[in-house]
Structures are given as structure tokens and as C-alpha cells.
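Just below sit the structures, each encoded as C-alpha cells.
What follows is a pair of complexes built around chain A, which joins chain B in one and chain C in the other.
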Partner chain A sequence: MNLDLFWHYVPSLLSGFGVTVVCWSAGGALGLLLGFAIALLRRLRIPPLSWLLRAFIEVFRGTPFLMQLFLLYAGGPSIGLKLSATAAGILGLGLYSSAYFAEIFRAGFAAVPVGQIEAAVSVGMAPFDAMMRVILPAALIAAVPAIVNMLIILSKETVVLSIITVPELMYQVQTMAAETFTAFGAIFAMAVFYWLLVEAVSRLGLRLEARVTAYLAHEERAA
Partner chain B sequence: MKPEVILHSFGYLTQAAATTIAVSLAGIVFGFAIGALICAARVSRRVWLRRLGGAYVSVFRGVPLLVQLLFIYYFLAEYGLDVPAIAAAVGALALSSGAYQAEILRGALNAVPRGQGEAATALGFSGLDIWRRILLPQALRISVPPLINEFILLLKASSLVSVVGIAELTRVSMNIASETYRPVEAYVGGGLFYLAINLCLAGLGALAERRLGEAGAR
Partner chain C sequence: MSAPMIELVKVSKSFGAHEVLRGVDLGVKRSEVVCLIGPSGSGKSTLLRCVNFLEPYDAGDLRIDGRLIGYEDKPDGTRGRMGARTLRAMRREIGMVFQHFNLWPHMTALGNVAEPLRRVRGLQARGAADRAMAMLTRVGLAAKADAYPFRLSGGQQQRVAIARALAMQPRLMLFDEPTSALDPELVGEVLEVMRSLAAEGMTMLIVTHEMGFAAHVADRIAFIDEGRIIDEGPPRRVFHESPEPRVRQFLQTHHDRNAF
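== the complex of A and B ==
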């Protein structure tokens, strides 16, 4: 493919990248919120509700993301849920990742030493205060590495959205490849681009992780 | 909602589930061979081999599977290799899974206590015997539960090979959806199959973890 032809596709590639970023961040944010809500609700241990939430997690972790997308996008209209491809993609990413985030937050809560909770109660903190000042900060920080990891996995899942015609980067590349008969080169460039992106996000994630868990290293050194 | 749709296409879905399992199984087995090689490179004494292994893992874990799959698919076409789509599908799954399995194996090797190898050396075991009799049996044991977990992940990832036209569960569910105009039933039906297979695998994983004791409980 000559360069002139490539320049012709630059705007659509850029807009595709924009859509990828929007889907990733919106889907990730939705997943984090939903997952956090699920983890909190599961802590209440209300029998039918916690069974339902457990089933939700098992279903969304036990089936392929692509299948969930198809169900949402193609099956949605027959249960009165008409979504654009992009909206279905974001909702799909959110639902799918919320199941994983819920488990991550659960593990985070489990990582808070019982002694700290007991100490908070014994110095007279109300349950709400103990939650806000003791349990939550420790649980969230314990969850950071796993959250970063899941967000990286999610950035790769955004590619799957191209299958339900969300106009994200992969979709634009495939369109370009089909129109210019340069599938091989285009997909190769795409692979390199994603690799760099994922590497960059991983590096950033590691730095963020090191920053928020820095106090743990101090503690270890002190101990 | 018409659950009959699922019942009517039950045979069709069962066949597709068998394809899904076969493709994933082939992917995990070839992936294991690749993973073992890459792991061997990563623990090698030669720096360039370690770098090569590290680069492989970074690339195949960093590039989305769908991109890898289409790349291989078009790569074969570009060079006029008349390979069936199934080869591209299994190849992509194996190459990608190989990177993850290499890390699982490396982790398992690292989990074998150092003293074991040192003790074997002190007792006069040859280098090959240390690997064959001391390190590998323990490392493989430790790696069974995470390998089963990887199989579950691969089985779900195998839904992507529907894109190159393999008649596995996702593809067949799509076909049923478009033939019956009942997408909800079709995808719920296909999803139930995935769920059933994965629950069995998860049970197997839990069993393996219990059987292999503390060593495998990581």
C-alpha cells in the first residue's frame, strides 16, 4: 500500500483509536463500579441476593466475552433492550469485567487483617467509620495490582468489539485492509501497535502500583 | 422466550461443543509444547535465549488474540499456503497459550525449593537426573492446577475462532440465531454449554488442587 493511500485512512484510524479508548475507559469504569457494588452487597450475606450475585459472577466468568456480546447486541432487542453497537460494547465490557472486579474486591476485603477490624471496633468506631477509615482504604490498596492487571486484559478485549461492528481501531483497520487489499501489512501494523500499547499500559500500571503500595514496602522494611 | 429452540438444536450444539473442546484441547497440548520450550529458554544459562523467551512471552501476551488469529490467517493466505482455517485457529490458540503456559511452568519451577536441586547435586546426581527425577516431577505437580485454569481461559478464548469460520459453539449459536430469529435462546443455549464445560473443568481443578496438596495450592 502506498503512503498516499495510507494518509487517506489516517482520520478513520484516529477515530477508531478514540472509540477504543472510550470503550475501554467507559467499560472499565462501569465494571469497577458494578464490581465494587457486587462485592459490597455480597458482604451483607442476604441469602437469596448473595446466591444471585454468585450466579452472576459464575455466568459472566464462565462464558466467552464474545458470546455475551452477541447475546447483548443481537438478543437485546427481543427483550426490549435496543442498543447501538458501541453502547452494547461498553455495557458488555462493563458486565463482563464487573464479575472479575467483584472477585478482585472480595479478595481485597479478605486481605484486610482481622485484627485491624477488631481494633477499629474496640476503639469505638461505628461500623460505617470502621468501613470508611480502616477496611476500605486497606482493601482498595490490596486490590490495586489485580485491578491494574484486569484493566490491561480489558484493553485487549476491546478488539473483540470489532466483531459486533463497533467502529473501534480493529474494525477500522479491517475496513482499510478490505478496501485496499492489504490485510497482511495492516494486521501486522495493528499487532505491533497493540503490543506497544499494552506494554506502555503495563509499565504505567506497575508505576502506579509501586506508588500506592509504597507504604507496604516501608512496613516490610520496618518489620 | 422459547426454550424449545434450545432443545431442537441440542444435537447441533452438542456437536459444536465437541468441536470447541477439540480445538481447545489441541491448542492446550501444542501450547504446552511451545510453553515448555519457551520456559526452557527463559531459565537457560544463555542470555540471548533468556531474552528471546522473554520477548516471545511479551509479544504473545501483549497482542490481543483476535489480532494474532487474523494475522496468522492472513499470513498463510499471503504466502499462498493452502492450510485449512482450523490450522490457523489451533495455531493461534497454541502460540498464545504457549506464552501463558511458559510463565506457569517457570513459576512452578521457581516454586521448587532451591535446596532440592542443591541436595541432589550434593548426592552426586547428574544434571539430567536432577531435572528428570527431582525438578520436573515437582514442578509439573505444582503446575497442574494453574494449567487447568489456563485450559478454562483457552476454552473461552476459543470462541474467537468462530471469526475464521470454525463451526464451534459460538459460530453454531450464531447460525441458530440467524436461522430461527431467536438470538436470546440461541446464545443462552450456547452459553449454557460453555458454562457446563467450564464448571466441570473448575471441579477438576479443585480436585487436582486438593489431591496435590499444599504444593499445588498456589
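== the complex of A and C ==
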């Protein structure tokens, strides 16, 4: 492949990468928030609400992301939800991943030993304090590896956003491939960008994990 | 004559079709130490957990210092659940020590003891830390204040758990097999702390398999079998002169196992 031609496309590849990172982080953050809220609400065990949330999870985990995104972007306007491609992409990523995050948080809550909760109850701690000081820290610590894993999977789901014309990396790569009739260089560039992103995320994840489990590794003064 | 610190009248409890407690009567006076012994599955841990309502009982009266716990009897004769806030207020006065310590792993020894003081007793950080330190000193662990639970031996963890309960200045303490999860050589240090508590006049209800401890420290022994207290009295009487064959058989087995 002609290297001059490749350099010509570098700015658009970089901008595509930027859009990918923005969509991924915004969508991931939205998914984490929603998923956490769902997991918390399910703990209340209010019958109709629990049933609805369970159905939400089933739908978003049980159908392809591509389909969800299509419905949201193309079908949204018919129910008054008019979104730009990027906004639809971010919302789609958030809804889709929230179903997985909700299950990850549920598993995290389930991993908190009952005895630790009973200890909080037996000293007369209020439910809110027990949640904030005892249950949540333990649940989050248990959930961190699965959260990082899901974020990595999500970073690669962003390619689907190209279908609804979000100008992210895959979209730019396809444009470049179509204009230069050479797929290989573009695809290779994309692979490098994704590898960099995933590597960065997993490294951050490992550091986060080390940080939240610090109490297992060394002693430090209590604040 | 004031009300007993703990009073159970015909307390019953079932898990599904299985009747764990069948009309238990028991009283523990102020500053009294009562040990509950009996075979596993007899209901002794369930009984203890009913006392601070960690386990709701189904029928009967369970009173702490004269006050019914967990339920409220209404003037029309019906009974409803006690409000959560009132129940929490009652639990503050009842210290509980668990078989598996149940320390919070993300807090230091000091943090574990100080946390309830801050959240429940409303002490400021400084005051809570000072009292927590005093409690750790009391159980001989001042040097381990900054250690996380995983750094501590089972015996040390259990002493921290006792300090955590004690810091709340409870009116009575419940112990649920406090030494059953410990290596034999670590049992002594925990029993020593409990013995000194008893000597200071703490009201204690203890589920234990430590017959030697029960014999020496308890004012009374209650033997539970199949959800009923089948014998009750001073240690010497229960251990050596029980009229109940089931009690004699249990103690004989225990004696045989520990003789060598």
C-alpha cells in the first residue's frame, strides 16, 4: 500500500479513534450507573418492579446489540425519541451494557458473606450505613474484575456504531477502505488502535483491582 | 426484684416443617453467665440468634430487661412486628460474638471496633478511635490496631470481634460458639477474655462446646436437645448428677473423646 496515501488518512483515523473512546467511555459510564441502579432496585424485591427489571435484563442480554441499536436509531423517532447517531450510539451502548452490569453487581452483592451483614445488623447499624460501609465496599471489590472484563468487551462492541453512521474508528476505516480499494492497511490500523485501547483498559483495571484489594496485600494506617 | 436480663417464655421457632425450638423457657439474671450446651442441631444457636432477633421467633415471649424484642403486643391482643428503629435501639444494647468472627475485612482492627461507635453511637472520629483503642487494649491487641483482619490469627480476630461488641457498652453479651472455629492452641486466649468479662459482672449467654470453660465460668448450664431445654442447673449438678439419660450420654461421649 502506498504510504503517502495512508498518511493522508491518519487524521480521520485519529478522529475516529477519538469518537470511539468517547462513545465507549460515555456508554460504559451510563451502563455502569444504570446497571448499579437496577441491581440496587432489584434488592428491594418489590414484585412488579423486580419483574420489570428482570424483563429488561432478559431483553437486552437476549437480543443482538446491532438490532437494539437499529431499533433505537431508526425506530426511536416514531415514539418521539429523535437522537443524533452518536447520542443513539451512546445510549444504545449504555442500555445494552447496563443489563450485563446489573448482573455483575447482583453477583457482587451475593458475594458479600452473610456474617458480615449480620455483624452490622447486630450492632444496630441502620440499613443505609450497613450498605455504604459494609455491603457496598465488599460487593464492589468482588465485582471489579468482571466490570473491567465487561468494559473491554464493550470497547469492541463500539464497532457496531458504524452501522448507524457514527463516525467512529470502524466507520473511518470503512471509508478509507472504500476510497483506496485497500482493506488491509486500514484494518491493520484499526487492530492497532483497539489493541492500544484494550491494553490501556486492562492495565487500569489491574491497578484498580490492586487498589481496592490493598487491605489484602499490605497493612496501612487507617485514615 | 428487677426483671431478668433475658427471659424466654415458651419460645418456639420453625424452619418450614422443622420445629427448631419447642417452647423454650429460660431466664438469665443480671451479671449471670449461662452456657447453652447440647448436640449439634439441637437448636442452641437458633435460640441465641432469637435473643437479638437476628432470627425471628414464631411464638412465645422473649424479653430483654423486661421489654419484648422483635414484636409489639397491641391493646387489642394482636401482635405486630416491632418498628425497625426500635429494634435497632434494642440491638445496640446486646453485644454479639459469632463463631466465624465476622469482622469487616476492608477495615483495620481499630476500624472494625470504631465503625459502630461512629455510625451507631454517633461518636466523632477522634472519640471513636480513642474508645476503640481502649477496647483493643482491654483484649490485649493494642499492638495490632492497624492490622487488617487477614493479618490476624483466628484467636486475635475473635478478640477484635469481642472488642467491637464491647465498645458499644452493651448490657449483655451473646456468644455463638466463639471458639469452635479456632485452632486448639488459640482457644485459651479467647476464653481468657471471656472469663475476665464474666468476672467484671457482664451478663453472658454462651453457646459452647468448651465443657471445661462452662464448668468453671458458668453460673448455670442449660442443656438443649431437640429444641427443648431438658436439664438446667449449676454446672456441678448438670455435669455430674443429671437425671436425664440424654445429658449423661452426651457428656460421657464428650468425656471419652477428650480423655487420652
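In this text, the second predicted complex is superposed on the first by the 203 of 223 C-alpha atoms of A that agree within 3 Å, B and C clash if a C-alpha of one lies under 4 Å from a C-alpha of the other, contacts with A are read in each partner's own complex, and residues count from 1 in each chain.
Basically, a residue touches a chain if its C-beta (ideal position, glycine included) is under 8 Å from a C-beta of that chain, and two chains touch if they have at least 3 such contacts.
Owing to the predicted nature of the structure, the values given are computational and were not obtained by experimental measurement.
Peer 1: Using the overlay on chain A, decide if chain B and chain C clash or can fit next to each other.
Peer 2: Once both complexes are aligned on chain A, chain B and chain C fit side by side.
Peer 1: Looking at chain A, does chain C or chain B touch more of its residues?
Peer 2: With both complexes superposed on chain A, more residues of chain A are touched by B.
Peer 1: Let me test your reading of the model: by the given contact rule, A:170 touches which partner, first (chain B), second (chain C), both or neither?
Peer 2: first
Peer 1: Contacts for A:137 in the overlay, against chain B (first) and chain C (second): which applies, first, second, both or neither?
Peer 2: second
Peer 1: Angle at the Cα centre of chain A spanned by the Cα centres of chain C and chain B: state it in steps of 10 degrees.
Peer 2: Placing chain A at the corner, the angle measures out to 100 degrees.
Peer 1: Could you tell me if A:121 is touching chain B, chain C, both of them or neither one (first, second, both, neither)?
Peer 2: second
Peer 1: So, A:179: does it touch chain B (first), chain C (second), both, or neither?
Peer 2: After superposing on A, A:179 lies clear of both chain B and chain C.
Peer 1: Enter the shortest inter-chain Cα distance between chain B and chain C once the structures share a common frame, rounded to whole Å.
Peer 2: 25
Peer 1: For chain C, which residues count as touching chain A in their complex?
Peer 2: Spelled out, the residues of chain C in touch with chain A are 52, 54, 84, 88-92, 94, 96, 98, 100, 102-108, 110-111, 115-116, 119-120, 146-148, 150-151, 161, 164-165, 168.
Peer 1: Give the list of chain A residues in touch with chain B in this complex.
Peer 2: Checking each residue of chain A against chain B gives 58-59, 62-68, 70-71, 74-75, 78-79, 156-157, 159-160, 162-163, 170, 174, 183-184, 187-188, 190-191, 194-195, 198-199, 202.
Peer 1: Taking the touch rule as given, give the residues of chain B at its contact with chain A in the complex, in rising order.
Peer 2: That would be residues 58-59, 62-68, 70-71, 74-75, 77-78, 156-160, 162-163, 169-170, 173-174, 177, 182-184, 186-188, 190-191, 194-195, 198-199, 202 of chain B.
Peer 1: Show which residues of chain A lie in contact with chain C when the two form their complex.
Peer 2: Residues in contact with chain C: 113, 115-116, 118-127, 129, 133-134, 137-138, 141, 215-216, 219-222.
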